[in-house]
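Heads up, there are several structures right after this.
The following pair of complexes shares a single chain, chain A, combined with chain B in the former and chain C in the latter.
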Partner chain A sequence: MSRGFVEATTIGFARALTRAMLSEETARKRGLLQSLDVRVRLVGLLSLVLAVTLSRKISVVGALFAVAILLAVLSRVNLFMLAKRVWLIVLGFTGVIAIPALFTTPGRIIVSNGTIAITEQGLRTASLLVLRVETAVTFTTLLILCTPWTHVLKALRALRLPKEAITMLAMTYRYVFLLVDTAGQMLESRRSRTVGVLTGPEQRQMTARTAGVLLSKSVALSNDVYLAMESRGFRGDVQILSNFRMTMWDYLGLLLFLLAAALAVWMGR
Partner chain B sequence: MPLFELREVSFDYEGIAALRGLSLSIEQGERLALVGANGSGKSTLLRLLDALCFPSSGAIVFDGQPLTAQRLQDDKFALPFRRRVGLVFQNPDVQLFNPTVFDEVAFAPLQLKWPKEELLARVEATLDLMGISQLRERPPYRLSGGEKKRVALASVIVLEPDVLLLDEPTATLDPRSQSQIIDLIQQWKGSSKTIVTATHQLEIVEDIADRVVVLEEGKVLASGTPTEVLSNHELLLRANLVHAHRHSHGSVTHSHPHIHSHSKHEH
Partner chain C sequence: MHIPDGYLSPSTCATLYVGAAAGWYSALRRLKRALFTRVIPLISVFAAFSFVVMMFNLPLPGGTTGHALGVTIAAIVLGPSGAILALSIAIAIQALFFGDGGISTLGANCFNMAIVGALVAYGSYRLIAARATLTSKRRVVAAVVAGYLAVNASALLASIEFGIQPMLFRDAAGTPLYAPYPLSIAIPAMMIGHLTFAGMAEAVISAGLVAYLQVADPGLLRGTSGLQGDATGVTLRPASASLQRLWVAIAVLMLLTPLGILAAGTAWGEWSPAELASAAHAVRTSDASSVVPAGLEKLSNLWTAPFPAYAPSFVRSRGFGYLLSAMFGVGLLLIISLLARLVLERRRHTEGMS
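Coming up: the complex of A and B.
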C-alpha cells in the first residue's frame, strides 16, 4: 500500500526534526561562533540581520553575505549543506516574489523583446531583495546551527524575554518530538493492519480519527506533565537556571559584531 | 503515628471509580509494595499520596495533618510537603520536560528556591550517584528507556525526600537497567526513607519491600510480608497477578498458578 499524504507529511516532518537534532552536532564542533558566549552570538548575529534589512546598497549587502560565508567557514559549517538547504530554497521562494520587479520597476531598459522589458532598476531591486533574504537567513541559520536550541532559550532568558514564553517554547520543542514519533507509530500501526485499498472518504475518516486520538493523547500528556511539574514544587512561577559568564574574548566578539553592523548600516544608507 | 493514613478513600475519574473506600496506614521508614493488576488503582493511590489529586470521599492524613486541596494552596504547607514527598511517574516522558538532563535534575531545587551554590553541588552529586554525569547536556529525546528512568529518579531524589513514591520503576526496562534501579532502592533499606513502590512485577517485590499490599478494583484485598503474599497462590490468582498455567502429561491435562521469583522458580 502506498503512503498517503498524511503519512508522507508526518514522515517528512519527523525527518525534518531528525535533521534539527543532527544540526546540534555542528553546535558541538569547535569553531569561531561556538567559542563565543551564546548571548554574544544571539545579539551579534541578530544585529547583523538588522543591518542587512536596513542596508539599501547591493555592495554592502554583498559584503555582509561574504561575512556570513566567512563566519560559516570559521565555524566549521558545511557550505554544501548550507547551499542545498538554505541558499537554493531561499532563492526559489524569494525568486518567485522578486521576478515581477524585473519587469514592473520603471527605469533604463537593458533587455527587451518588444512587449516586455527588464530595467536596470528592476534588476537592482530584485537582486537586492534576493541577496538581502539570502544573507539574513544565512545569519539566522548560522545561529541555529552553531547553538544548541536549549542554549538559545537560556540566552533569550538572559536577555529578559518573559520566562513563561521561554518555558512554553522549550516544552513545545521537547514534546513535538514525542508527539511526531507517536503520530508516526500510529500511522505505521494502522498501515500494518490495513488490508486492501481504502477509498478517499475512508482514508479521510481514518485520518480524522487518528488526529482525534493524537489530540486526546496530547491533552492527557499535558495534564500529566503539569502534575509532574507540580509534584516537584512548581507553583506557577517558573524558575530557570542561568549560568553564563562573559570573557574578554566574548566582549571583543560582541564589539566586532556591533561595529560591523553599525558600519554596514552607515555605508548602506 | 503513621506517616500516611488513608481512611475510606474513594476517587473516580469522570464517573469511573478508581479507588473504592480504601483504608491504609504507612509507617515512616517502611518499604511498601503496592501490587495489583492493571487498573487496580495503584497509580491513582500514588497520585493521592503525592497530593496531585484529592479523594472524592474519605480522608488522607500526612504526618498528622490532613492532606487537602486547600492546604496545598498554602506555600507554607505545600513547599515543605513537595520537599519531603517525591513521585517518580510510570512514564518518564511525562517527567522529563526540561531541555537537558542537567536542567531536569535542577528543576525541583530551583522551584524550591535553593541557593545557587547548594543547588549546583546537589545536582552534581545526584548526577554522580545515578551514574548519569555524562548525560548532563543531553536532551531527553536522545536518552534510552533505562537512561530516562534513571534521570526521572534523579530529578526526584535530588531533593533527598523522606518519602519516595515509585510508579512501576522497572517496567519495560532491560534486565541490567532493572537491576540498577533495584540496587538503588535496596541501598535505602534501613534508612528513615519511606518507599512506596507500585508494581505488577512480583519477581522484584522481595527485593524492594518489607510489606506488600494487594489491590483489587480500588480496594485493599490483602496485606502481608512478601513471603506471605507471594506464597498465597489463590490470592495472587484472584488479584490477576498470576495466570493459570496448563500443560499435559500424556493424556492428563492439568493447570496451576504460574509465578517466577528471584529466590525460587516454581510451577
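Coming up: the complex of A and C.
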C-alpha cells in the first residue's frame, strides 16, 4: 500500500503533540516573561502584535522584531528552535507570496532587465509584509511557549471572555490530544493489517472510514462527558478559579509593554 | 486558508471581528435555547474532532494529497449554529495554542471558514438533499457539493479581503502596507488552489463521512435531514428562527458606513478619468498609466449612479450621504429578496395545488 499519506498524517499528529509538550517545558523555565503575571503577558504581547499591524514603517516593525528577539533571549527561549520552527517556516511561506509583489507593484523602477523590473514600492511592500508577519508570529509564539495553556484560559477570563467560551476552549484542548492519540492508533493498526498496494479510491475510503469511526467515538465521548457533568451537578453555570495577584513587578511590566506598543504605533504612523 | 497576522489591516481585522462576534453571539443564543448543558461537551468534542480532521492527509485523485476543513460534516451533523461554534473554537485553539493562523486575524478566519463556511455548507446540503431518505445517494452528492462550495466560498472571501488591502491601505509613495496584490491577482491566485485541491479534499471527506454514517450511524444524519423525529438528539436546532440579531448586525454595519470617509483619496483602481490624469496620480503609479485610456474616457459617461460617490447631490453632509446610500442599498436588496421569495412561494403553492 502507499504508506505516504498515513505516515504524513501520523507525523503531523506527533508534531502537534511534541509542540504542545515543548511549550509546557519552556513555560516551566525561569525567564522574564514567565516571571510576569499571565494577564500582563497576554495583554502585553497582544498589544505588541497590534502595534506590529498598526505600524506603517519598516524601521519600526524591524525595531519590534528586535524587541521580540530580546524578549525571547530573556525568557530563555531557544533561538535556534525559534529560527527553525518559526522564522524559516514563515519566511518560506510568506516569502513565496511576497516575491511576485517585487515585480507587480507599480512605482519607481530601481532594477530592470528590459522585460521585468523591480520597483521601489514593490521592494518595500514585500519587505514590510515578511517582516510584519515574522514579528507578529514571534510575539504570538512567545506567548504560547512561555505560558501553560491553563493559564492562558484563565487570563482570557480576566479579559471578560464569556465563561462558556472558556470552558469549551479548555475542554476542546483536552480532547484534541485524546482524539489525536485515538486517530493515530487507528491509522497505525489499519496500516499494520494492510498488505499490498491500495488504490486511490481505497485510500480515500480508508481515510473517510477512519474519520467516520472517530466521529462516532467523538459523539459517544461527548455523551459520556455530558452524563459525567450532569451526575456531578452541572446545571450550565460555569465557575472558573482565578487566583492571580498583581505585584509591582507586574505593573511595571504592563507599563513597559504598553509604552513600547504606544511608542511603536506613534513612530510608525 | 488560515490568514496569519500581518496580512490584513487592523481596520479590516476589526470589521471582521465585529461580523464574527455577531455570528458567535447569534449561534450561542440559539444554542442556549436548546439543552445548554448538553451543548458544552458536544461542541467541545466536535471542535476537537474538527481540529483532528484538519490534520488528516487526504489522498486526492491525481496522486496528490490535501487537507479538509471539516466544516461541512459539522454543519451536517450539528446544524449551522453548532458548526459555527465548533469550527470557531477549533480555529481559536489552532491560533492560541498551536500558532497556526493569526490572533489579530482570528475574527477574519472564523468569519470566513466557520461562519460563512458553515452557512454555505448547511444551505447547499439542505437544498440538494431536500427530504431524501437518510440512506439516499442524494445525501452523498449533497455533501460533495456542500463541501466544495463551502471551502470555495471561504476562500473567495479571504481573497477579497486580501485584494482590498492595496486599494485601501497605501502609504504616500503608493506602497501597499498589507497584502500587496489587487483583486485581479488575489482572487485567481487563491481560487486556483481551492477550486482544485482544497475544495476537492473537503468534498471527498464530507462525502466519505456521510456515506460511512449512512451505513454505521444514520441517526447522526437525522437532525438536519428535514425528516420527522430526532433519533439522537445531537443536532442543535434553534428553538425559533428569529432574525432579530441579524437585523441588529446589519443596522450596526450601516451606521459604520461613514467610516469610509476616513480613507484618504479614492479607492485604488476606482479613479475617475480626471483623477487618473492628475499629476498626483502619475507619481503614485508608473508613468505609463498616467495617460487616460481612450476607452475609459468614452465609457465613463455611459452610466451615472443615482448616488454618485455614495452621497446624493441634495444631501449636504457626506456622512449622512453614506448612511442614506447604505439604507438605500440594503432596502433595494431586501425588496429584491422579498420579491424572489414571493415568486418562489407562489410557484410552490401552484405546484402543491397541481
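FYI, the second predicted complex is superposed on the first by the 262 of 269 C-alpha atoms of A that agree within 3 Å, B and C clash if a C-alpha of one lies under 4 Å from a C-alpha of the other, contacts with A are read in each partner's own complex, and residues count from 1 in each chain.
The rule we apply is simple: a contact is a pair of C-beta atoms (placed from the backbone, for glycine too) under 8 Å apart; a residue touches a chain by one contact, two chains touch by 3 or more.
From a predicted model like this one, the values you see are computed outputs, not experimental measurements.
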{"item": "Touched partner set for A:101, first chain B, second chain C, both or neither", "value": "second"}
{"item": "Which of chain B and chain C A:173 touches, first, second, both or neither", "value": "both"}
{"item": "First, second, both or neither for A:136, with chain B first and chain C second", "value": "second"}
{"item": "Partner chain(s) touched by A:231 [first = chain B, second = chain C, both, neither]", "value": "first"}
{"item": "Which of chain B and chain C A:149 touches, first, second, both or neither", "value": "both"}
{"item": "Superposed model, chain A: greater residue contact from chain B or chain C", "value": "C"}
{"item": "Partner chain in contact with A:35 - chain B first, chain C second, else both or neither", "value": "neither"}
{"item": "Partner chain(s) touched by A:221 [first = chain B, second = chain C, both, neither]", "value": "both"}
{"item": "Chain B/chain C common contact set on chain A", "value": "149, 171, 173-175, 178, 221, 225, 229-230, 234-235"}
{"item": "Touching residues (chain side chain A, partner chain B) in the complex", "value": "21, 148-150, 153, 170-171, 173-175, 177-178, 221, 224-225, 227-235, 239-241, 243"}
{"item": "Residues on chain A engaged by chain C in the complex (per definition of touch)", "value": "2, 4-6, 8-9, 12-13, 16, 19-20, 23, 46, 49-50, 52-54, 56, 86, 90, 94, 98, 100-101, 104-107, 109, 119-122, 124-126, 128-129, 132-133, 135-137, 140-141, 144, 149, 152, 162, 164-165, 167-169, 171-176, 178-180, 183, 200, 203-205, 207-216, 218-219, 221-222, 225-226, 229-230, 234-236, 238"}
{"item": "Contacting residues of chain C [partner chain A, same complex]", "value": "4-10, 13, 24, 28, 36-38, 40-49, 51-53, 55-61, 63, 65, 73, 77, 85, 89-90, 92-93, 95-99, 102-104, 171, 173-181, 185, 204-205, 207-209, 211-213, 216-217, 220, 232, 234, 284-286, 289"}
{"item": "Residues of chain B that touch chain A when the two form their complex", "value": "47, 50, 52, 75, 78-79, 82-83, 86-87, 89, 91, 93-100, 103, 106-108, 110-113, 116, 119-120, 137, 139-142, 155-156, 159"}
